[in-house]
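The two complexes that follow have chain A in common; it is paired with chain B in the first and with chain C in the second.
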Partner chain A sequence: MNEKNKRQLYIFATALILIPAAGRLASGIILYLGIVFICLFGTLLQYLFEIFASKYAKSIYSIVIIIFLSSIFNQLVKLFSPLMNLYTDFSIYLVSFSVLIIKFVALENDETIAESLSKKFLVILKFTPLFFLIFLLRDYFGYGTITFPGLSKMIEIHLPYPNMFKDTFFYGSIPFAVIIIAIIMASIERGIRLKNYFSLKSKEKDKK
Partner chain B sequence: MLSQEEKLKIKNSSILLSFIVALFAILVLLILLPRGIHNKRVVETVNVVLEQNDPGRYTIGKRVFLKSTLEESTYVFKANDSINPGDNYVILTRIIGLNGPVPVVFVGNSRELKFCGIAGIKDTQQSAFTYGLSEYVMNFWIDKLKTVLEKEAK
Partner chain C sequence: MIINSILYYMIFVPSILIYGIGMQKLTFQPTVEHLLLTCCKLLLCTVIASGLSYLVTVYILAPLTLVSLMPITCLLMYLIFSLLSSLAFFKFETKSVLEVAFPIIFISVNESTSLVQCLVVDFSMCVFFAIIMLVFCALIKRLKSTHPIKEFNTGSVIFISIAILIIAFYGANISWLTMLK
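For the complex of A and B:
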């Protein structure tokens, strides 16, 4: 499996692990900040630990770093907004043990911190549209709103909401989140195949 | 006498240990120090729900710390009820329903506990059903919290 396909797989696997999180965009924003926090400080701490620790202990200290950083982030969220902590509590630990974090917190050999951070943030940037699309769709179909995190109350923007979605919990529920993620992933796969097909056809035309 | 290599190993290990102790200390400080701000924010969150559902009826008092594992996701406060004076509590807790985790406010005591509203949203009086909390889940949590309040009263 080449690098590009592997990264796609990690992105999809991380999206799947977000299913049990609360279906509000506000909690998605908090989880995204968690990913950025763990990636950034995880890389810096990993670099520090590598200077003093043996190569063979790398997997142990990577896990220790991830555990501490996710607990520290959780406590920071609890300090600033106990309400958002109630929405996102255990989901932060799901994110921190997703493939994206475990694979990308580790430094490759002979890389400087700057190279490593820029590589990781490029991957996170590719992952960002999928991440926010999932939470936006869950928020809209479930509750007809777009929400942003607040200190003691979420900031809600109400959108036009068809009657067929009201008075039922199905469109905000976890099974519907699985359906949304499946449709998005299938569309992305189909889009990539169509792109490859058209690029092959244009190469054949150029040859003729 | 220790060789140079062994001395270096001991030095490196103690530096590593100090990093881990520092991370641990940061975590402990973040848990212990900011209790005042944290409590204030929780009280603000609960007051929004109480004012929308029973304006002016409840006044929030001191926080009660539970001696159970629920303490991590539950905030219990003593409350003065202007209509039924006595031992009353306001509870903000996280319930996991079919839509994921939802913060919910309950009011009452160990004999009678009722659902007040969902915290954090504009219209806190929205029915719990649209947030994936069925009657079974609500009754389960009401019974569980009543048991916890009974233990606290003792």
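For the complex of A and C:
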């Protein structure tokens, strides 16, 4: 696959994670922490399995590791704040089966732990801006607030909210979130295309 | 009650679209022949797996208050049956459907109150998945010949069509256009 298709696949796969989550930034932060948790401990556990077990059933125990870790993360969230668990209880299991997560836990041959972890965290760093941007927009258009997870109560920051959005509930629903994702993806493509165009133009000027 | 749940999960509430299950398969340009085989395998494995995991959770896990082990049992049942089916029908090669099957089993065990309802919900979600993938196959084929704006050539068009389908199926059920006050 050339670079363009790879990039589109990554953006598509990350955006698909975000659909089942609740529309608040707080649940987005907890999902993000869950993904980092699964990535980190998943690679460590898989390395441990490869030492003790053979490489025969590699794909099966990577899947079992993902489910096991997402269950543990669910219980940890329940321990710290039961309120946040109500928002993210269902979606953490659905999230953990996207293409990206399965790639995050996999180990390639002849790689040390440090190399593979650094590669994976670079990928995670690349998709964090998109992740938080989508949740911010969903939160603002739907409820007019920015929220952070709290122990017994969500910390809300109210922003000025135009009257046009107050009338209906549609702007906080799932189809509108999906439309936001589509617009953001199209504008990312446009931005990259413009950047390529300008860099080509400057190269031609340098030649002359 | 059975007809109620069939209609609910097959037509009125597109759980597959709302939770975004299986939409990643659209990036790999599905064809109709692949679809038939994968949907048959999906139907077989998930119906048996969801029935068994429902029985295990109700009769073994719930009396011991170990309900948080429910996802693991769903996954294990599905893995066992997919292995058995690939041994039995080794003539047909299909791609893996794990990312579609596990959420379907999980949702059907989570949201049902009796064994029959669990099987029925599972069956109707699989049928809905087959229908939706046919619709998307046709959409993608059509879009390739019309050359829309180049920036929309990526998944943007798929996302917008998901949104339109959700509104079409689900919009009559929820009153999005009522006033919040």
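Note that the second predicted complex is superposed on the first by the 195 of 208 C-alpha atoms of A that agree within 3 Å, B and C clash if a C-alpha of one lies under 4 Å from a C-alpha of the other, contacts with A are read in each partner's own complex, and residues count from 1 in each chain.
Criterion: a contact is a pair of C-beta atoms (placed from the backbone, for glycine too) under 8 Å apart; a residue touches a chain by one contact, two chains touch by 3 or more.
This structure is a prediction, so every number in the text was calculated from the model and none was measured.
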* Applying the touch criterion given at the start, work out whether A:Ser173 contacts chain B, chain C, both or neither, answering first, second, both or neither. => both
Q. Now for A:Pro20: first (chain B), second (chain C), both, or neither, which partner does it touch?
A. both
Just to be sure I read the superposition right, which of the two partners does A:Leu151 touch: chain B = first, chain C = second, or both, or neither?
first
* To do: Once the structures are superposed on A, label A:Phe68 by its partner contacts, choosing first (chain B), second (chain C), both or neither.
  => both
Per the contact definition in the header, classify A:Lys205: touching chain B only (first), chain C only (second), both, or neither. neither
Check: When the two structures are overlaid on chain A, which partner does A:Met185 contact: first (chain B), second (chain C), both, or neither?
Finding: second
Shared chain A footprint, chain B vs chain C, residue numbers 20, 64, 68, 71, 75, 90, 166-169, 173-174
Interface with chain A, chain B side, in the complex: residues 12-13, 15-16, 19-20, 23-24, 26-27, 30-31, 34, 37-38, 41-42, 44-45, 48, 73, 75, 92, 94, 97-103, 119-122, 129-132
So, in the complex, the side of chain C touching chain A is made of residues 18-21, 23-24, 27, 68-69, 71-72, 75-76, 79, 98-99, 102-103, 106, 110, 150-160, 162-164, 166-167, 174-181
The residues of chain A that touch chain C in their complex are 8-9, 11-13, 15-17, 19-20, 60, 63-64, 67-68, 70-71, 74-75, 90, 93-94, 97-99, 166-170, 173-176, 178-179, 181-183, 185-187, 189-190, 193
Chain A residues touching chain B in their complex are 20-23, 45, 48-49, 52-53, 61, 64, 68, 71-72, 75-76, 78-83, 86-91, 142-143, 150-154, 156, 166-169, 172-174
